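Both complexes shown next keep chain A, but they swap its partner, so chain B is in the first and chain C is in the second.
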Partner chain A sequence: MSASIETLVNKEYQYGFVTDIESDTIPVGLTEETVRLISAKKQEPQWLLDWRLKAFRRWLTMTEPSWPNVKYTKVDYQAQTYYSAPKSVKPLQSLDEVDPELLRTYEKLGISLTEQKRLSGVAVDAIFDSVSVGTTMKDELKKAGVVFCSFGEAVHEHPDLIQKYLGSVVPYSDNFFAALNSAVFSDGSFVFVPKGVKCPLELSTYFRINAAETGQFERTLIVAEEGASVSYLEGCTAPKRSTNQLHAAVVELIALDDATIKYSTVQNWYAGDADGVGGIYNFVTKRGKAMARAKISWTQVETGSAITWKYPSVILQGDDSTGEFYSVAVVNNHQQADTGTKMIHIGRNTKSTIISKGISAGHGQNSYRGQVKVLPKAEGARNYTQCDSMLIGNKCGAHTFPYIEVANDSATLEHEASTSKIGEDQIFYCKQRGLNTEHAISLIVAGFCKEVFKELPMEFALEAQQLLGISLEGSVG
Partner chain B sequence: MLRISDLHASAGDKPILKGISLDVRAGEVHAIMGPNGSGKSTLAQIIAGHPGYEVTSGSISYEGEDLLDLDAEERAQRGVFLAFQYPVEIPGVTNAYFLRAAYNEIRKAHGEEEVDPIEFLDLVEEKLKLVDMDPAMLHRSVNAGFSGGEKKRNEILQMAVLAPKLAVLDETDSGLDIDALRIVANGVNALKRPTNATVVVTHYQRLLDYIIPDHVHVLAGGRIIRSGGKELAHELEAKGYDWLLEPAGVGA
Partner chain C sequence: MSTASYQDQFAALASERKGPEWLPALRQAAMTRFAELGFPTTRNEDWHFTSVTPIAERTFKPVRAEKSSVTLDALSPYLFGAEDWHRLVFVNGRFDPALSMFAGLPAEVTVSTLADALKTQPELLVEELGKLAQYVEQPFTALNTAFMSDGVVIHVPADVVVEVPIHIVHVADSGAAGAALYPRTLVRADRHAQVTLVESFIGLDRATYLTNAVTELTVGEGAVVGHYKIQREAEDAYHVYTSQAIQAATSTYHAFSFASGSALSRTNIYTRLNGAGAEGRLNGLYCLDGSQHCDHQTFVEHIAPNCASRELYKGILDGSAHGVFNGKVYVDPEAQKTDGKQSNHTLLLSGTARIDSKPQLEIFADDVKCTHGATVGRLQDIALFYLKSRGISAVSARALLTYAFAAEVLETIEVDAIRLGLEALVFERFTNGVPA
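Entry: the complex of A and B
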């Protein structure tokens, strides 16, 4: 590979700064006491503590999954801190009370928590380490009847909804990381869109890990009632640190009859340095349940993290429900990703679409792992899967693991897969037309990812495209 | 405009060009002809800056600058254009987007403002007529699924939009039927100016019925073995290459 590709994949991570802020951090280690302490700090009701404890006890009996196609030093769960909060965060009445240092952090990340966001029609919830530091545009949302707040706040203000839906799609016993999250989750976001309401704004949550040796375990719960619709975006960054940090989130989506939930992720956690030192372990469980005629759409652009393990899935419970998964996953240097989706067809005439674009550069290893399961009653189910891999350089890898189980003869499934290499010819062609190598690669890669980018909300499509350019910088030689 | 002096170049360990010298002045059309494997396309690629070849000795100067010192994109920005023998496909990137990106890079390099998509569309639509291309082609991915003739026409469209000073056409006639050939040639002729120059690389004489060269050079075995006026092309058409190759000591 020529020198140009290699330089392109190696640009500095620009979000790698640390904010100097006083934190309330609990001692390292994980015992039942830790769980109780977190729950007490959040002044949670008894039922939630009980749920956490059940999750914790279950977790103790589980083992970390070894089937993903990734290699890493196992996490020492007793060496982690499970709760860290910026000290000044008491229940806030308005954003004016947020520590200015935090606001500056978010400004640096390009996210304004102050009212500027009003113009762009996006409401933002910011999660700093373990807690939400502020949600913008609450009043506008309230008028429409939409609830968008931190998870902690929702536990106190909407306990019935939380109790009804928490763990209803991802039970605490689901898997090792989901159980861990259920035991120790510290905050997250909650969205509730009532019957018939179209959420008037894009909702966005911004996750930031700041403290060292601290895991981030947030939960997101989104409920769209009958006929409601909402579009939600999450973004993630973290400082550069030489140790690995754990991020084990759980996201649950519930789309009742005729509801639509569109969930987009731009994940740019610190990926570790060029030698593979440091970076975030991103072990995430995301799943949605779609009732009759409902639609759940996952779009993800994954460029960060040292290790990614995530399979945003849809349970197509109701008849005529739709599930979609659009994914761009980029690995560079020593990053490893094992990502894909599960589409579980239960209802009749359920439809699912999977478009996965994997880009591997440097020594990166990228695996697509996807399951399409058609249950006996899913008459007329349809799935279309397209799984494309692009290789940049010759030290990286792309792997595809499709699992297809069909128990109904009337189902129609299509699976297409391709692997291509960014050719020197393509780059030379672009250069001959006046584009430099970086521009050429970002153009070729953007073309490759086009079907996914067009699914992103407009404001974020451009950001995602730029992010992709940055994470591939130095990859072409 | 372009001066090539005693150029030697190889691909890997294999020497391909063995001492080429060529002078191209503004306003001129040069044809480089020769049998397959003579090094014609290599010469075209080296002028454009393809990284796959190594220049082992000799020099190329372009408008007083050492061309070999410049990256491919810098050459393009200074007005060197190569119409590819095999235009490359870029799936997912529309022709219009690609062309505008290229156009703006070249403008930026000259310290000019970038143009927005709407202004650009006006400019392109006019150029489309030159190569008789359907505007719908602008919204298809670059060369993806194009027929051979469409790809070649697309190259000339790019040339028309980017308005190079030195255009090198590498086997632009290959794979074209007679109608397409005429369209492509008319496009090239319409772009001819006293301030720019064209180098046409071709195996056959037929393109030169439409694009009339001022100078014809025969390349064989990595050397220019004969130069002449446009009548040399006709002579080659009548007699083939062999009569030139043997006295030059080059096996056919």
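Entry: the complex of A and C
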């Protein structure tokens, strides 16, 4: 290994710092009392507490899924803290009131919460541990009639909307982690785009885990009414800690007739060190429901987390609806990812596209698990799936588990998958043109992922590409 | 779904059984394992799309000894017109010497029934029987191992080439009603040996019975083994079949599975590429109609480097038939330079047919080239229109296109008689007797 690669290998996870801030943290453990306490802290209405309790009781009867192709030490749910909030957070009138320590934290993460961000045309909701610390550009959004706020705020200000849509796509009984989230979720983002409105800004939520031994359970709900459209991006980081931390989020998207929702994720939770110690367990349920002629598009760049368990799905409920899934998942060192999508074709002439690119390096294990289901009434359903895996080094693994279930003869489905080593001839060619190995690989990988990156909002595509480069540093030598 | 009735049957049969002394221990271990496992449920990932409830809720009993009334004439439509093949016929699980003919084999080759082999070649059997087809995780293999009654043992020594296929014909007639048949086949082809095995499962009469067959094949270094499985069981019959091959270096194994019979069938074709440079080819075609359910599961284990595997399975589903395909390719960390390719294509001929396809890749080595593909669809309107515009009737156009879909996989059959026989069968089936 050359000296320059050596330095790159030892390069630290640059978001691994801890913010020293006073927190309001509830005691460890999870009982019905914990659920009541979280709900009380957030001054929630009775119906929401009841819903949480139903979820909690259901969760008690459920068992953690063992089918994903990942190995990890099981989480001790009684050793976690389910709520932690920076002490200074009160309802804020403006971002000027945010604790400067928090602002500095986001500054360090490259997320500016101050108004200069206005120029880039992105509104940001920043979530620190369990609560939202601030949402930018609210006024501008308000003019367009778009609601973009923290989930907690939405419960108070738009209870009717929350009550109508919460759990309508991912019911609390959906799965083990969704039930857990429904019981203890602390905050998250809420987006509502009314009929016919094209959201004027890109919306973005930035999640930061700071406190130790704390799980993060956020809940995102995006509703686009008839003919509305919105593009949303989430990013996430966490400090370096030697213990595993749990992140179990739920995202629900509702696209009514003719609406479009584009949801992009750049997931960069702390992945653990080179020996696989520490890192985030990322167990996430994401699902969208597309009504007639609506379109839901998931784009994800997954580079972080020790364990990823995540299947952003689309229920193609309405006729002529469209679902898309574009994914780049990178595993290096001892990371494991079991990720993919579900496309459930219910309506007529529904279309889905799945493009999944998996890159495995080091001791990483990467699995694509996807389901394309065509129900008997889904006349003329169409699916195209392509999942490619690239292997860098001989200690890693790439696995593909597609499920194709078709019960309508007018459906047309195509599934293609390939796995191969990074091309030595391509590396040789690049080197012969004067690029070093590291650059050659990053160029080849960027080309391999191009189809997915082009789906990301422009300013994030660049970030994703850089992130990918960092994740793979030192994987060859 | 109790396994108790099978345990009772097992106990009742214990005294009647003969054979070398290691055999009862093997049977007992398998029986115990079956009792622990029980019949698989759809919660078991390997049986996710296939419910064996119809099998589990019935109790199939060992067949009573009865004189066979099956004639060679009745069999002849199933013999591919190949009168010169070596042939071993089992009627309702029992060997029928009158219908069998395998005298003309090269002198070095031993072909015998399992019952005979247990007397004459116990040393071969103790080495091989039950060693490949593992029963620990497979309930039906456990059940077969506990109850295996008769079958065929083939040993082709080094450098011997058996020119003519060996055809093992399992026939069931009305005498099999309510019975479970447990055929067991063992094939060993030593270094550079060559042999082609054809296993036919035929139902002559309408009867409900269960065939639960297991075949084990050891393919020696540089050996070439062709393995054709033709499943044309009775329409009310249940059929579960598992074959496991192990391949030494530079060997070639070609398994072809054809299925058109049975109410519910499950075929497991497994091969382990255990020596460098081995090649495994697994192909298959299933043509289903009515309410038939047919499940194929294949497993290619790339254990050694420089091996190649090729897999092509096609399904033609009509009526409200339900097809299932689950193809798994595993590449061990040691299996560098693996070249694997797998495809599964399904043609749906009716609005109520259904397919569940699960092609899987599990890859732990980096210097590999593996792909899989799956498609599902119906006949293209534009292709039908084109043929009709050329004056071909709608029925013929459909038959022609359906046949063309099947032809790609039928072309992989290396035994001419089987290829021609199956081509005719497929064509006839989709023209419904209407001349083209």
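Heads up, the rule we're going with is that the second predicted complex is superposed on the first by the 463 of 477 C-alpha atoms of A that agree within 3 Å, B and C clash if a C-alpha of one lies under 4 Å from a C-alpha of the other, contacts with A are read in each partner's own complex, and residues count from 1 in each chain.
Following the convention adopted for this analysis, contacts are C-beta pairs under 8 Å (C-beta built on N, C-alpha and C of every residue); 3 or more make two chains touch, one makes a residue touch a chain.
Note that this is a predicted model, so its numbers are computed, not measured.
Bringing the complexes onto one copy of chain A puts chain B beside chain C with no clash.
Legend: residue contacts after superposition of the two complexes on their common chain; A:Trp47 is shown touching neither chain B nor chain C.
For chain A, the partner with contacts to more residues, out of chain B and chain C, is C.
When both complexes are overlaid on chain A, the residue A:Lys421 reaches chain C alone and has no touch with chain B.
Taking every C-alpha atom of chain B against every C-alpha atom of chain C, the smallest gap after superposition is 16 Å. Within the complex formed with chain B, the residues of chain A that make contact are 2, 423-426, 428-437, 439, 443-444, 446-451. The residues of chain A lying in touch with chain C in their complex are 67, 376, 389, 391-421. Chain C meets chain A in the complex at residues 45, 49, 333, 336, 346, 348-378.
Partner chain A is touched in their complex by these residues of chain B: 48-52, 71-73, 75-77, 81-82, 84, 87-93, 98, 101-102, 105-106, 109, 141, 158, 162.
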